[in-house]
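First comes the structure, then the notes that go with it.
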Amino acid sequence: MKVAVFPGSFDPITLGHLDIIERSIPLFDEIIVAVGFNSIKQSGLFPIDDRIEQIQAATKHLKGVLVKSYEGLTIDFCKKNNATTIIRGLRNTVDFEFEKSIAQMNKNLQPDLETIFLFTDPKLAAINSSIVRDIIRNGGNANQFLPFEL
Amino acid sequence: MKVAVFPGSFDPITLGHLDIIERSIPLFDEIIVAVGFNSIKQSGLFPIDDRIEQIQAATKHLKGVLVKSYEGLTIDFCKKNNATTIIRGLRNTVDFEFEKSIAQMNKNLQPDLETIFLFTDPKLAAINSSIVRDIIRNGGNANQFLPFEL
Amino acid sequence: MKVAVFPGSFDPITLGHLDIIERSIPLFDEIIVAVGFNSIKQSGLFPIDDRIEQIQAATKHLKGVLVKSYEGLTIDFCKKNNATTIIRGLRNTVDFEFEKSIAQMNKNLQPDLETIFLFTDPKLAAINSSIVRDIIRNGGNANQFLPFEL
Amino acid sequence: MKVAVFPGSFDPITLGHLDIIERSIPLFDEIIVAVGFNSIKQSGLFPIDDRIEQIQAATKHLKGVLVKSYEGLTIDFCKKNNATTIIRGLRNTVDFEFEKSIAQMNKNLQPDLETIFLFTDPKLAAINSSIVRDIIRNGGNANQFLPFEL
Amino acid sequence: MKVAVFPGSFDPITLGHLDIIERSIPLFDEIIVAVGFNSIKQSGLFPIDDRIEQIQAATKHLKGVLVKSYEGLTIDFCKKNNATTIIRGLRNTVDFEFEKSIAQMNKNLQPDLETIFLFTDPKLAAINSSIVRDIIRNGGNANQFLPFEL
Amino acid sequence: MKVAVFPGSFDPITLGHLDIIERSIPLFDEIIVAVGFNSIKQSGLFPIDDRIEQIQAATKHLKGVLVKSYEGLTIDFCKKNNATTIIRGLRNTVDFEFEKSIAQMNKNLQPDLETIFLFTDPKLAAINSSIVRDIIRNGGNANQFLPFEL
């Protein structure tokens, strides 16, 4: 069984994330959307439990998608879940440089774990969880960027 | 009347900012230099009132330039001030990716609001408010990067 | 009267180009779409006259848009046409670096000529005349990227 | 059966290409290394037949790898070979912008064809077929960058 | 005597940093590895004294390498130590834009101080002190990225 | 004796090139400005001999600068001239990616040859020999970008 992990903070899940999940489904038997958190330095707009519910609601029409939270290193989470692939979306060149570093260090730490990338759909690539949080905090309506209604 | 908004934190205004303002004047009837702030999470080196005074002093020789502060979303400020255009300076590719996201999300939220970009004059493009603040905090002399004397 | 020039090779004009033209209209009284050519080293897929016809057909619903061809330096063409602004679309960071060089050298050669940039609509930003030409040459159907039918 | 196409000019195949092929194998049942060519505008250092032999020699230890040549659009070749995925390696931000355009236009032309990306191993990412050709043309020894001996 | 400064936070020193130091040695008579700190806003994973010890241990086989800590502006530290050159490693385009700003502002503040850059060895370029700290904080084993054992 | 090579096509030498040469002088005993050419595929605006004369005229006030032409690989030229360092200027992120590939492949071919980089002075960084050639070919006046008069 081919298992892939799509890790992130998903604070909140956006249409850009959902697009990556949907397009990855044909490649794998199971995709685990993995919400990373840090129990000591809690931060973010939405609590972890809300993020998980938002993702579950947004992906309930999709087969083979699981939602889990995890603390610690992504490579340890992948190992525990027998995942051989990490999926990441790429939006722009700043993403690119960051993701390249992470993918390479993960490869060094765990050589049999591969990271594959999909380009985010350009209509959705501008969507940036941090700008979405800014809109929400300032009372704007961010619904058009989200797979759920606030 | 064509009104444009040049938003930023201007902490402090630099010669790079001033160059963008001066070069935008021929395109618009009025340019509002808009100092964004957040009343809850106050931060920065200079208080908002100082920043406004610094900008007013630096632009007093220019016709059609107003200085205002605002809280909340830039698109809401533009609407309230009947501005149809946002002006932004571009210095480098990291700026580029960030500005592209912001411009696109603003376009989605407010389709009749356009964002135009000018390249910062290369002599001034290295000037970065955050490095300027670092110089000031460490007792260095940043006057050559500023349109006013500290 | 505020005149702007939108220069390019437009071989052929794409929906990305058309989007930039439409969004620039509110800022100027007249926009000249200027098709650059080189009478000695002729190249390209479409002859200059076809390109001009394609642009005219694509922009005939727009007020204040002229189509002209020119040979030589863009700054000389702008001067002759009393244009004070050059308009360019920005798609990505490779564009960015190239456009920055051109804009800066033009600024040095002609200090009162300003270049402004708009981000290409992300849905259209992938459209690249050179890839479009490749599709056409290989018998593919590129109509979805063009404002006219081939 | 999951079939993927790894298209390129492979003039010549490098260790960077081979690394992408080897790392893609676990994800697919069959990988077709597809050497694109243009029968009218022939160019390149190695003839197509040599490139195919070089790739076959370099991949003969790998199961599920086929080598083919093709002319015309990559999406047409994928369709004819029942491939649902295109594989591409990403080395740097210039690659990134080019590949993003190609992937997006392919997606528009053939929505059920997905392109996935792997980062080239950093030890191999500098290897660039065009620099390799330069070394060979100038009588240098490029063997350390190649999976075969010249 | 040609003295160069290699400034950074070195929290902790990585194999990437060490590679830059070793490759710079032939160019200078003395290289000062300069650990910047801020006595007011202390932060980081390792205390300054530990960082200095780690660097001293990692460079003790190298002739002409000194390790010092400093507070304040890098240009002031260079002046006090009669250094005419700053050395920096470049890993990627995000580094590039940041380093360009810093180098240019330093050049403006101190015209006779030059900054030279070396590309980080690609095998090591993914190594990023901030990801290393993340691995350590999450109980992972980062030793393969470090010139010392934790 | 520390010898460095500054290789390029210098078609023609610009003020940007000259700035790099001047700033490199304190680091080396001798700098060889090396004009690469290809006797088979001759190309360019200025003949090699003119380029050498232009560089000699532009650098005659500088001590320790030699001008030579070479054919073949840069690393072979460096070896023959006992140079241990290659000097290159960096203008932007597109340069960066290209130079990174070249430097790394040179390092692999000749491990004891180091490449160091200086950022081009931002006032001069827009100057691009290919745009300069375009200006000259179109009858424009490019003298402000050049260290000699045309």
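Observations
A, B, C, D, E and F label the chains in the order they appear, each numbered from 1.
Rule of thumb we're sticking to: a contact is a pair of C-beta atoms (placed from the backbone, for glycine too) under 8 Å apart; a residue touches a chain by one contact, two chains touch by 3 or more.
The shown structure was predicted, so the numbers you read here are calculated from the model rather than taken from an experiment.
A repeat of the A-E interface exists among B-F, C-F or A-D. It is C-F, with more than half of its contact pairs matching by residue number. Each chain's centre was taken as the mean of its CA atoms, and the one lying most distant from chain A is F.
Averaged C-alpha coordinates put the centre of chain D at 33 Å from the centre of chain F.
Chain A and chain C have centres, each the mean of its CA atoms, that are 38 Å apart.
Between the CA-based centres of chain E and chain F the separation comes to 29 Å, rounded to the whole angstrom. Each of the following residues of chain F touches two or more other chains: 92-94, 97, 100, 103-104, 122, 126. Pairs of chains in mutual contact: A-B, A-C, A-D, A-E, B-C, B-E, B-F, C-D, C-F, D-E, D-F, E-F.
Partner chain E is touched in their complex by these residues of chain D: 92-93, 122-123, 125-126. Those residues of chain D whose C-beta lies close enough to touch chain A in the complex are 2, 23, 26-27, 84-85, 90, 93, 96-97, 99-100, 103-104, 107, 114-119, 121-122.
Chain contact summary for the complex, chain B toward chain E: residues 91-95, 126-128, 131, 134-135, 138-141, 144-145. On the side of chain D, the complex with chain C involves touching residues 72-73, 75-76, 93-94, 97-98, 100-105, 108-109.
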